[in-house]
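My structure is below; once you've seen it, I'll send some questions.
Order of writing sets the labels: A, B, C, D and E. Residues in every chain begin at 1.
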Amino acid sequence: MITTTCLHSDTKKFDNDFPVTELSDFCENEQNVVWADVSDPTSEDFLELAEEFNFHPLSIEDCRNAHQRPKVEEYPGYYFIVLYEAELTGERDDLELRELNIFLGKNFLVTVHSRPIRAVETARRLWGEWTDRAEHGSGLLAYLMIDAIVDDYLPLLDIISERMDDLEDQIFGDFQQESIQDIFRYKKQLLYLRRSITPLRDVFNTMLRREQPIFARETHVYFQDVFDHVIRVADTIDNLRDMLGSTMDAYLSVSGNRMNVVMKRLTSISTILMSATLIAGIYGMNFDLMPELKWRFGYVFALLWMLVTALGLYFYLRKIKWL
Amino acid sequence: MITTTCLHSDTKKFDNDFPVTELSDFCENEQNVVWADVSDPTSEDFLELAEEFNFHPLSIEDCRNAHQRPKVEEYPGYYFIVLYEAELTGERDDLELRELNIFLGKNFLVTVHSRPIRAVETARRLWGEWTDRAEHGSGLLAYLMIDAIVDDYLPLLDIISERMDDLEDQIFGDFQQESIQDIFRYKKQLLYLRRSITPLRDVFNTMLRREQPIFARETHVYFQDVFDHVIRVADTIDNLRDMLGSTMDAYLSVSGNRMNVVMKRLTSISTILMSATLIAGIYGMNFDLMPELKWRFGYVFALLWMLVTALGLYFYLRKIKWL
Amino acid sequence: MITTTCLHSDTKKFDNDFPVTELSDFCENEQNVVWADVSDPTSEDFLELAEEFNFHPLSIEDCRNAHQRPKVEEYPGYYFIVLYEAELTGERDDLELRELNIFLGKNFLVTVHSRPIRAVETARRLWGEWTDRAEHGSGLLAYLMIDAIVDDYLPLLDIISERMDDLEDQIFGDFQQESIQDIFRYKKQLLYLRRSITPLRDVFNTMLRREQPIFARETHVYFQDVFDHVIRVADTIDNLRDMLGSTMDAYLSVSGNRMNVVMKRLTSISTILMSATLIAGIYGMNFDLMPELKWRFGYVFALLWMLVTALGLYFYLRKIKWL
Amino acid sequence: MITTTCLHSDTKKFDNDFPVTELSDFCENEQNVVWADVSDPTSEDFLELAEEFNFHPLSIEDCRNAHQRPKVEEYPGYYFIVLYEAELTGERDDLELRELNIFLGKNFLVTVHSRPIRAVETARRLWGEWTDRAEHGSGLLAYLMIDAIVDDYLPLLDIISERMDDLEDQIFGDFQQESIQDIFRYKKQLLYLRRSITPLRDVFNTMLRREQPIFARETHVYFQDVFDHVIRVADTIDNLRDMLGSTMDAYLSVSGNRMNVVMKRLTSISTILMSATLIAGIYGMNFDLMPELKWRFGYVFALLWMLVTALGLYFYLRKIKWL
Amino acid sequence: MITTTCLHSDTKKFDNDFPVTELSDFCENEQNVVWADVSDPTSEDFLELAEEFNFHPLSIEDCRNAHQRPKVEEYPGYYFIVLYEAELTGERDDLELRELNIFLGKNFLVTVHSRPIRAVETARRLWGEWTDRAEHGSGLLAYLMIDAIVDDYLPLLDIISERMDDLEDQIFGDFQQESIQDIFRYKKQLLYLRRSITPLRDVFNTMLRREQPIFARETHVYFQDVFDHVIRVADTIDNLRDMLGSTMDAYLSVSGNRMNVVMKRLTSISTILMSATLIAGIYGMNFDLMPELKWRFGYVFALLWMLVTALGLYFYLRKIKWL
């Protein structure tokens, strides 16, 4: 379904019911700005778009095949941009990545997505409010959209960061196998998030360093801002990954430490019980001549001996911190 | 065996029975396009090719020696490209890499391979269909072939990715030594795949950034597309390698955790059994004067004592989660 | 609250009571230098600043939102700089990072911060003293401030370095779980510190390599000096991180070594006690015909046998260093 | 000892008995090519060379001191190249690296080495055969030599690779401490090999990208070929190092797994034997009133009870895979 | 204390008693060369230098504060260089780093150091000998000094390398906790050495690639030589660090292997002793009817049974290599 929003340069009015087939004519006035939002696109939609805006078959094909990597490609007359909006959904905080394809020309913007994208709604609302900066045209619109997507990564990373703080407390407290599974899950999520954001870093970097024939110098500063946010997101992801690695290392150390404690305890308990058992074994021998057996308090004596040995070992092992 | 396919520029017809020895004359018309596919090449084939297309001895020699690294080398008048087609074969998903050598000139393409290459067939079929873009000549043909090879990596990586998900489930479930062997095997396969694809990334990058004297600007966009796919494949491989590393780490943690559990259990069981044995040992002593031995229910008392001790320890160890 | 400090170019006098609304006029004389320090800024403060110095809305917005990453952004007519002052506070040496935003123009400097910044005071004091270099203007002032912030990282890193030396001693001595927690905490602090300083490295690098239209060549040498200090801080942080990693590795090795020692001891003690128990068990058997049982010194003989076995094992195990 | 081989440009004849002191005159004809091979050089040899070819004192000094790093240095009028020929020798496959110093001028080549170098012989033989390409002069000769050296790394790496496959089989089969020692030894060898080859990668890269005043464009393609082989060798080394790392990781995992198995077995055996011992201990108690002791089949009953307990535990432990 | 050494360009004579205050005049003749060596500098020394050679306050300040990072900074008219001379001192091979500051101008060289530097003496001696190359001026002198410092790193690294070979032998032989401490100490020393040398690598690299206005082309070749040595030292350090990492890994593997061996032995010994004890326990039961107890050779039979069981287990465990 194609939804068009056109900004008439002369009247500064938005027009939502513009017929798709007249877009190319409307675009010929370089002051007009066109935004065509295609949700859940059909083959006809693609055909119409390709015809109206003269898109290269390769970019249309990329747009059709989902699961492209995030990128900005330059085609004659327009940029083709692939982005991913991220959200944590469900009870177990599953990560959902929603693809958004953008065709960004001098005075037109075409967005294609199969699932609803929050950033599209945000951009629509803000564009209406920022009419005073309308001269920035499709570049500003693209900025609003990309910025909304990139900024949405941060609260999401904050959630993961909080969860990691909990994990950290668990490590030095009561650690379960589920905690390892959680570490593993966050690692995977961060990997996916990084994959969705880091290619943009390089791309915006080249885009900003190159002379940009399509956009005016004033729009440049907005892309610089998005670039800065992309870097911040990418840095945060790298830091979280780093922290996760440290958490894993700390776990291994703590785990080794605990094993040591358990081993020492095992040795201690074995030593105490085996010593007492040995004494019992000695007085269980059947020699004819064992004076102690005849003693009046022989039994008590044996029990006391066991007790003394056990306590002696206990306090010794306590002292060397094995118990 | 040399199979030629010639595209006559004037008639737009394909000619499959073109004699090899007249190829150089035919190529002189820059609008004509020649594709010579050499499967299982003999020494004579190499001689003929070298003569007909004036190939440098070094590129012929590289072509002869198998196991070159993937590369694109520039020689006067043509590029020499080495690629590997990948396939998982057999029951155990063994990785098979098949070498394809391409000599890519302005209006000719020579492919050399000792084993049948699927991408060659794909390119042959698509070239026939895309006659409307015939003006892109040998560049387009090369694109079709390289693109087919690169795109074939992705389903293969999907299979490995699925296997890795299984492994992950095993880690937190029932892990066998075979699983470690599998991790090791996938690691090796990813290493081979990476070796086959990453050199291309750098090569296409330089090729795209340089001014390219051989191909027209319009063909450029196709190579950009292949480059993008190469990057996507390389990124996916890196991600899978990263995941495999995480899986290994997770395994080590889980393994440490399990060892801890086993150790605690060993300690617990030893403590319970040794305690009961100690009591039995005590009443096995042969002292003349052991009042309990005369008791009517002395035996039952001893058994109860054992039971109480064992249960007490059991519940205590349960509580501290050692059992 | 906005505090202004103006340097009249003609009289070389400082003027602290300059009205904010006349700053733009005062700045028109390029020899005058203005410093406006905004602590705990209100919305009106931002409005006034934006109006007076003509700041871009994006930089004002960045300034409003705390937790920006450290950066230097170029806007028409001024640089926008974000820095973090670091301090270890409290008993547990918690790391506190205080944000400082700087708008640096040709002859004006605006500093914005919500918490008091020591470097601002240092710069204020030094600026008063260095009047002889007043011709360096706002660039020198910025240098004084940034240098004060960067230099403050070093004593802080020295403290962490000392703590790490203690940890190292603990590793080879008496290591507690708290020590692992400390390693983990320092790792996190170093991560935060690195995040606050390394982006500056890249930024100053580009700034120094580019031709700088805003500052004179003579001021350049000061920024070179700050850059050098930033690198030194970043290097020190990297070295400490490296050392921390080594400490962790050393801990794992030592821990493995200790486990080995404990295991050997367990085996040794078990062997000795079980051997003696076995002998006791043998003479506890009820066979009718066991000659030793009738011996006069049978009991002593048995005890001696136990002792000899135990001592034999003890010395053997000592020799092979298991005990 | 200096051995000269001169190629007369006019007659295309080789002259092996050329007096060293006339070399500089002979070289003045730029079409002539001179190769002076200095094996086991004396101080006089160095003096003579320096005088005849006007070599810079620093390059002579580098040549004198063995153990330089592989490098290509540009001096006025010639390149100074240091290379290492590698060979596995002896029973234990010890790695031997033999240094070769090359002074490469427009029409002269001086090779200096203290031990016999196979590549020098190979180059001598091939140069005689390739007289038709004599116009490439000293550049071609250098190519033949460097290519022979670089290509010799590959069979050597194949041997190490095979040994590593054996090690891999051992890991999942019967692993000895010697295997770890082998891993360690291969790691070291690969480190040395990498040190001998990777500096060349960077050096050839710069050499090929720079405009080269000394050699003709046609010779360029030969150096491109050597560069490609150097990269292939370096890549193979990196891959082997990577594999060795994986092998080490796999070993750690397998080792952890085995420890787990041993621990479970220890726990299982202890449980079974201790349970039986406990039963024996119970019937070894000396209570007056123990009904079972009077039973006719009491003894058999006790033995059966032991057996049932042992078997029950055995099958249970089997089921949970601890035995 | 300032020691001056002046080379008169006309007489080629050295003059050691040149008054400091006339140095600036003497330098005005660009053919003259001045070397001022300042050991244990006082505040007056700094003032005098700054005045005489017109040094920038920032470089003087850097010179005053010890513990700068190694660097080369360009100031108008001179380079400011910071280097560290390394030495292993004392019984425990403690690493000592001595700072040397160099101000290098077109025809003057000022060296500042608070502790005696061997390289300064070496340079003084060699400068006297190399008068024939006097035209290289202060550049040559700087080369002699820096080269002496850099070359001194190599024998030091050889010592560490030898110590590491010893450690390696220990790992596969008799490893003590002290060995881990040694590994840790070498790791730290290599870290400090790397910190002292690697910044020079980047700095010389930029210096050599840039057009250098201060030094003549002929001096360039000397700096290329130093650069080459710096790289060699840096490479060696990296290799040693790499080896140390491998040593650590090897230790972990060997340690895991040994633990396994100990565990198996524990299990084996426990199994044998517990089995024998069980048999003894069985014949210690007090059943009225235990036929074996009445047998004539019952006792011997029981002992034999124990022996057979123990030997059977012993040989079985031997076979499966647990003992």
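In this text, a residue touches a chain if its C-beta (ideal position, glycine included) is under 8 Å from a C-beta of that chain, and two chains touch if they have at least 3 such contacts.
Note that the coordinates shown come from a computational prediction; the quantities given were computed from them, not determined experimentally.
Path length between chain A and chain D in the touching-chain graph (shortest route): 2.
Steps from chain A to chain C, minimised over paths through touching chains, total 1.
Looking at chain B and chain E, the chains that touch each of them are D. One simple way to say how far apart two chains are is to compare their mean CA positions; for chain B and chain D this gives 25 Å.
Chain C and chain D have Cα centroids lying 40 Å from one another.
Annotation for chain E: residues 252, 256, 259, 263, 266, 270, 274, 277, 281, 284-286, 290 touch two or more other chains. Circular chain order, beginning with chain A and continuing to chain B, reads A, B, D, E, C (contacts as defined at the top).
Interface residues of chain C, counted against chain E in their complex, comprise 168, 172, 221-222, 224-225, 228, 231-232, 235, 239, 242-243, 246-247, 249-250, 252-254, 256-257, 259-260, 263-264, 266-267, 270-271, 274-275, 277-278, 281-282, 284-291. Remark: chain E residues 56, 58, 62, 68-69, 71, 73, 75, 175, 177, 180-181, 183-184, 187-188, 191, 195, 199, 248, 251-252, 255-256, 258-259, 262-263, 265-266, 269-270, 273-274, 276-277, 280-281, 283-286, 290, 292-299, 302-303, 306 touch chain C in the complex.
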